[in-house]
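For reference, the structures are reproduced in the following blocks.
Two complexes follow with chain A in common, the first pairing it with chain B and the second with chain C.
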Partner chain A sequence: MATADLSPLERKYARLGIVLIGPTVLVFCAVIVYPLISAIYLSLFSIYTPTLEGEWVGLSNYAELLAKGEFWSSLWTNIIWTVGTLTLQILFGVGMALILHQNMIFRSLARSLILFPYFVSTVVAVLVWRWLFNDLYGILNHFVMWTGASDMPVDWLGSMPNALLSVILVGAWKYFPFVVIATLARLQTIPDSLYEAAKIDGAGPIARFFDVTLPQLRDVLVVIIMLRAIWDFKEFDLIYLLTGGGPVTSTQTIPLLVYKEAFALNQMGMASAYAVVMMALMLVFMILYIRRTQENEL
Partner chain B sequence: MTDVILDQVEKRFGSFTAVHCLDLHIKSGEFVALLGPSGCGKTTTLRMLAGLEFPTSGDIRIGERTVNDVPPGKRDIAMVFQSYALYPHMTVEQNIAYPLKKRGVPLAERGAMVSKVAELLQLDELKDRKPKQLSGGQQQRVALGRALVRDPKVFLLDEPLSNLDAKLRAYMRAELIELHARLGRTMVYVTHDQLEAMTMADRIAIMNEGRLQQLGTPDEVYNCPANRFVAGFIGQPSMNIADGTLDETARFRAGSFEIGLDPERFDTRPGPVALGLRPEAISIGAGPIAARVRVVEPTGHENIIILETDGLGALTARTAVQVRPTVGETVQCGIDADALHLFDGADGRRRNRDDSMVTQTPVGERAKVKESQ
Partner chain C sequence: MANNTSNSQKQTRGTSRRAVLGGMAATGAVLAAPARLWAQDATLRWWSPQASPAQLAAYQTQIGLFEAANPGVKVAFEKTSDEGYQPQLAAAFASGEVPNIVTHLPSFAVSDYWSNGLLEAFNEVIEAVGPEKYYRGANDIYEIDRGVYAGTGIGNSAANMLWIRKDLMEKAGIEKIPETWDELRSAAQKMQGGGIYGAPLPYAKNSMTTLTIIGFIHLAGGQVFTPDLQVALDSDETRNALEFYKSMREFCPPGATNYSWGESLTAFVSGATATGIYTGRVLINVNDQNPAIADYVTCATYPRISADVAPWTFNDFPSVFIPKAAGNMDATKKFAASLYDGAGYIQQLHAAPGHVLPVLKTVAEDPAYLDNPIIQKYTPEVDLMSSSAAAGHNLGWESPEHKPNVKAGAIVGSGVLAEMVQRIVLNDEDTTKVINETSTAIEEIMLS
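Our next item is the complex of A and B:
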């Protein structure tokens, strides 16, 4: 709308609006837009991290990256990690939400306790898990030995495929509460009369789950899966702290690779190129997500 | 034979009793309306019949079977919910077919059965729509369709018309009456709208505060209300009820108003009583009672006139359109002595001796008349 069409009052409101969103826009530019642009910019240079000096190399970082086996193997690990941990999060999360939706004693206590893994700091959580996994003192190995499942302590984090499995499990444990909260919120809005109608129509508990609950959860699950897929894909601290990408590079995902290039190999330009490629990959998820939310608004 | 019988049924929620010791015998093929003010336990009663709520004590029988422990899906009933409760992700066709699917009806037969119901309810063209894309009246018909498709023995309907506008409600009322006549199935219909109950039901069960007040045909509950509550609840505008006393000579007194009651027709033991008079039993023009006109409400085909009298207090009269006194005027009015209702002052029980009338219409007679139409 042209400004000329606005009444003085409307113009005043418009000015107020700009004043109010101004700070947010500034902060947004400073912390999101600037780093984004500078990452793309840096990825076109070969930069030595400690001095941050280097020369223009154009797209050759990208060419090198795509030719490197390490990129592809990290991407593959990244996909296994994301799919694996996300699947477990959804299964645990939805299952737990269904349980917590029942009328049971200590329901509200259980509902708050279940959030614990999500709220505990990653560093603390990882420290605890490393103790649990410890091959000499860890309780997991204690159980393995005690039940006689194995006469040797299992090397949970130092060998494959155990390390990747452990990382996936800890990731699922840490993030499934998010799925629980979101699912539970949706479950509570499903009208009881739908279940009652289904009962009268002759549907048993399993049919009621598939014909009433699941269709009603579909939309929220799509959103959960997209959000968590994006978040899990770029997960850094949990994996880095738990295995550091090892043994060797077998649990190294792209975020860990970015870190390694930037601060261990001192190749800031290369690291930026990895980061930009990762961003492009996640853009696909984001476009799907935005499409999805817009569809729902229609 | 699918009589529906509630035998001494009681329902408590914690310390609150929603339904008190309810005895109700609904005959096979009958259309019974459960009528009463909000919170009187109608829905609770219906839900107990459906098996969605379990009685605290007492027995529920459908047909020959005691169904206390039978789950809703096995009771051979269908229910239409006030909110319709259509499955939002299924099309109209899938919604209607769902009960068949869950009962293992083969796909081939399902299609034909759904088509038949869709045709009956004029839903043919809406078959592929989702519930969200339907109007209230259409959703209501889909909900009915889902109930009809299985041909259950008993239909339970919980205020199915309350979400519709007045015109559509009148239309659906007629449809339901026709449907009942055509199917001849037992129907239990919950409503708080007396017009619905009076126009549709063979018999009306009037409830208040969890207790059954009267079970009778629309004529019976209107002409011979079993107690003061029913008298006041049925009829629009409601019955005029004046408190007073009966003396030894069977004369009713309320302030300066006096009238002799015939001991043949009334139980005239002396004591506190209440006298009931329908608005149409009051005539304006000539008569012994002087009254001041307070309000005149012309409705088009009749006038509702609110009068102020000495002994009987405020009286509502219903008159022909020609009778139209001016507000503030004092008029003489008469009362139709044959149309008096007498209620006990203590427990509100009806004290007319016309109780032969209550059993005059054999139970279920109207249902048969409808069926034969």
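Our next item is the complex of A and C:
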């Protein structure tokens, strides 16, 4: 409908709409659009971080990073970390949600306590885990030697593949409560009549899980997987504090590479290029997530 | 002979420095500036990675004395960290929200920031402290541009001293403290057992591993750079250092692959290792946390490949510098100078005796400084650390012949040398290939 066809009242409402949406657009531009454009802009320069001064280099940062083995190895580690920790989060999360959905003593308390890893600060969580992993005083090594599984303490964080496995495990421990919360909420809305019908049809517990529970959880699990994949892919603090990316670069993901370029090497332009590439990769997850949520709305 | 030459050079430079500093007219202005010359109710921000409870108490004393003498000026202390100062300062410089004064960072951090025009010249503060009070040559490392100082030292440190348990030596039948690598390996082997490891050398991807391997390269008779700052890593000395470092892995705790300064210190202090590699902080920590071994610990310069190679002490030259963008510059400079005032400075040094050693010879000889139970109990150790630190160097200044390396901070921060250690020791990669690639990476950093 053309603007000329609008009545004065409709034009007034349209102007009011623009005024009302204006602050949101401004905030969106300030916190999303501006940093995004800045990152892309910075990636076209060679910039010394502390002064933010540098020279135009065009796309050479991108050409350089794509030619670097370090980028590809970090991307591969990033994928292993994301897939590994996300798989464990889903398995632990769904399993724990099923347990907490049962009638059991202290259920409310258990549901509260299970959220603890998610709420605790990452720095605190990592400090606790580093003590657990400690070679000289860590309880894990005491247990390993007490059981006779090894005569010597295990180097959990300083050698491969232990380091990557440890990081994946700690990541799963830290973030599986999110899966528990979301899954539990969905479980509570599944009609009992579905289970009763399945029982009448002779379905056992396992069959009921695969034929009733899992299909009902599918939508929420897809959303959880999309969101957690995005969040895990860009995880920085947990990995950095646990291993610093080592040994060598075995647990170095792209966010750690961005940090190294920006603050250890003071190359903000190159760091921005890495960040832009990372954002492009995450865009795949975001598009899938948006499409999925749009499908649900239809 | 080499030492005489070196001293002669230092003497020449020292005289020149005094001449330059003596001519600085602004000094009087700093000292004579009335307390209220600067903006009223100014707050100065002080950053340091050294912040143990005793050190914080000492800082509060110094702050209290300064605030009492300068009404209207407040000082706020903020902690940074040895591993984390780079991003914090990078963000601070980039945003313009810089601290007024930064202390205890290694000298190579100062040279990096100075070379990028981020720091205020320190001549006025040095003159206010009194250049004649410093040990001779103490400020040479900060004279990156002739006659202008980028900062100054707040102390010295002997970061790679060999700490050793005499009781374990006796038990293992070891008669003298190891002086060579063969002796060290043999001693570590003999003392290892019963839950005690030989050494807490770091094999992690961090600055401690980087700084330690630099020391080992020098203890093999090598160097990372030539005096004119060409990369000189590809040498037999580097190969020998890496070979020895790799051979020591079996005498270190399994978790040494993730050790930094704190873990390495704790391993020795707790009694988990027979030897240690650290500064004099060992002394206060042993006495506070594990007094049962306090009477048995002693230190020596770290063993080298053979007695023909001179000891090489890593001194990170704990520094003081002022960002150029800091506000209240007059008050800031006055506060910087006040950090060296007798009682406050001595309390700061006593917070961890032997850890940060005095950079002023007048303080080192001060009875008030010497009147400390730790310093008195371990006088030979403190004296050895003092003399070793005074002759010490780091990657920013590998020898008296070397030019200041303003890229040293970036090289340490990049972790390429720690990665070199990990690739050879943990991954068992080809030494020549790894050294070549590390050299290339360092050359790229030098060109960046």
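Throughout what follows, the second predicted complex is superposed on the first by the 273 of 298 C-alpha atoms of A that agree within 3 Å, B and C clash if a C-alpha of one lies under 4 Å from a C-alpha of the other, contacts with A are read in each partner's own complex, and residues count from 1 in each chain.
Rule of thumb we're sticking to: contacts are C-beta pairs under 8 Å (C-beta built on N, C-alpha and C of every residue); 3 or more make two chains touch, one makes a residue touch a chain.
Given the structure is predicted, the values throughout are model-derived calculations rather than measurements.
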| item | value |
| --- | --- |
| Clash or fit (per the criteria above) of chain B with chain C on chain A | fit |
| Which superposed partner A:216 touches (first chain B, second chain C, both, neither) | first |
| Which superposed partner A:108 touches (first chain B, second chain C, both, neither) | neither |
| Inter-chain angle, chain B to chain C through the CA centre of chain A, in degrees rounded to a multiple of 10 | 150 |
| First, second, both or neither for A:207, with chain B first and chain C second | first |
| Contacts of A:197 with chain B and chain C, given as first, second, both or neither | first |
| Partner chain(s) touched by A:189 [first = chain B, second = chain C, both, neither] | neither |
| Comparing the two partners chain B and chain C, which touches a greater set of residues in chain A | C |
| First, second, both or neither for A:154, with chain B first and chain C second | second |
| Smallest separation of CA atoms, chain C relative to chain B, angstrom | 51 |
| Chain B/chain C common contact set on chain A | none |
| Chain C contact footprint on chain A (complex, rising order) | 48-52, 133-136, 152-159, 243-249, 259-260, 262-267 |
| Chain A-touching residues of chain C, taken from the complex the two chains share | 86-87, 89-90, 93-94, 113, 116-118, 203-206, 253-258, 267, 270, 272, 410, 413-415, 418-419, 422-423, 426-427, 445, 448 |
| List of chain B residues in touch with chain A within their complex | 50-52, 71-74, 77-79, 81, 83, 85-89, 98-99, 102-103, 146 |
| Chain A residues touching chain B - in the complex, by the definition given at the top | 191, 193-194, 196-204, 207, 211-212, 215-216, 218 |
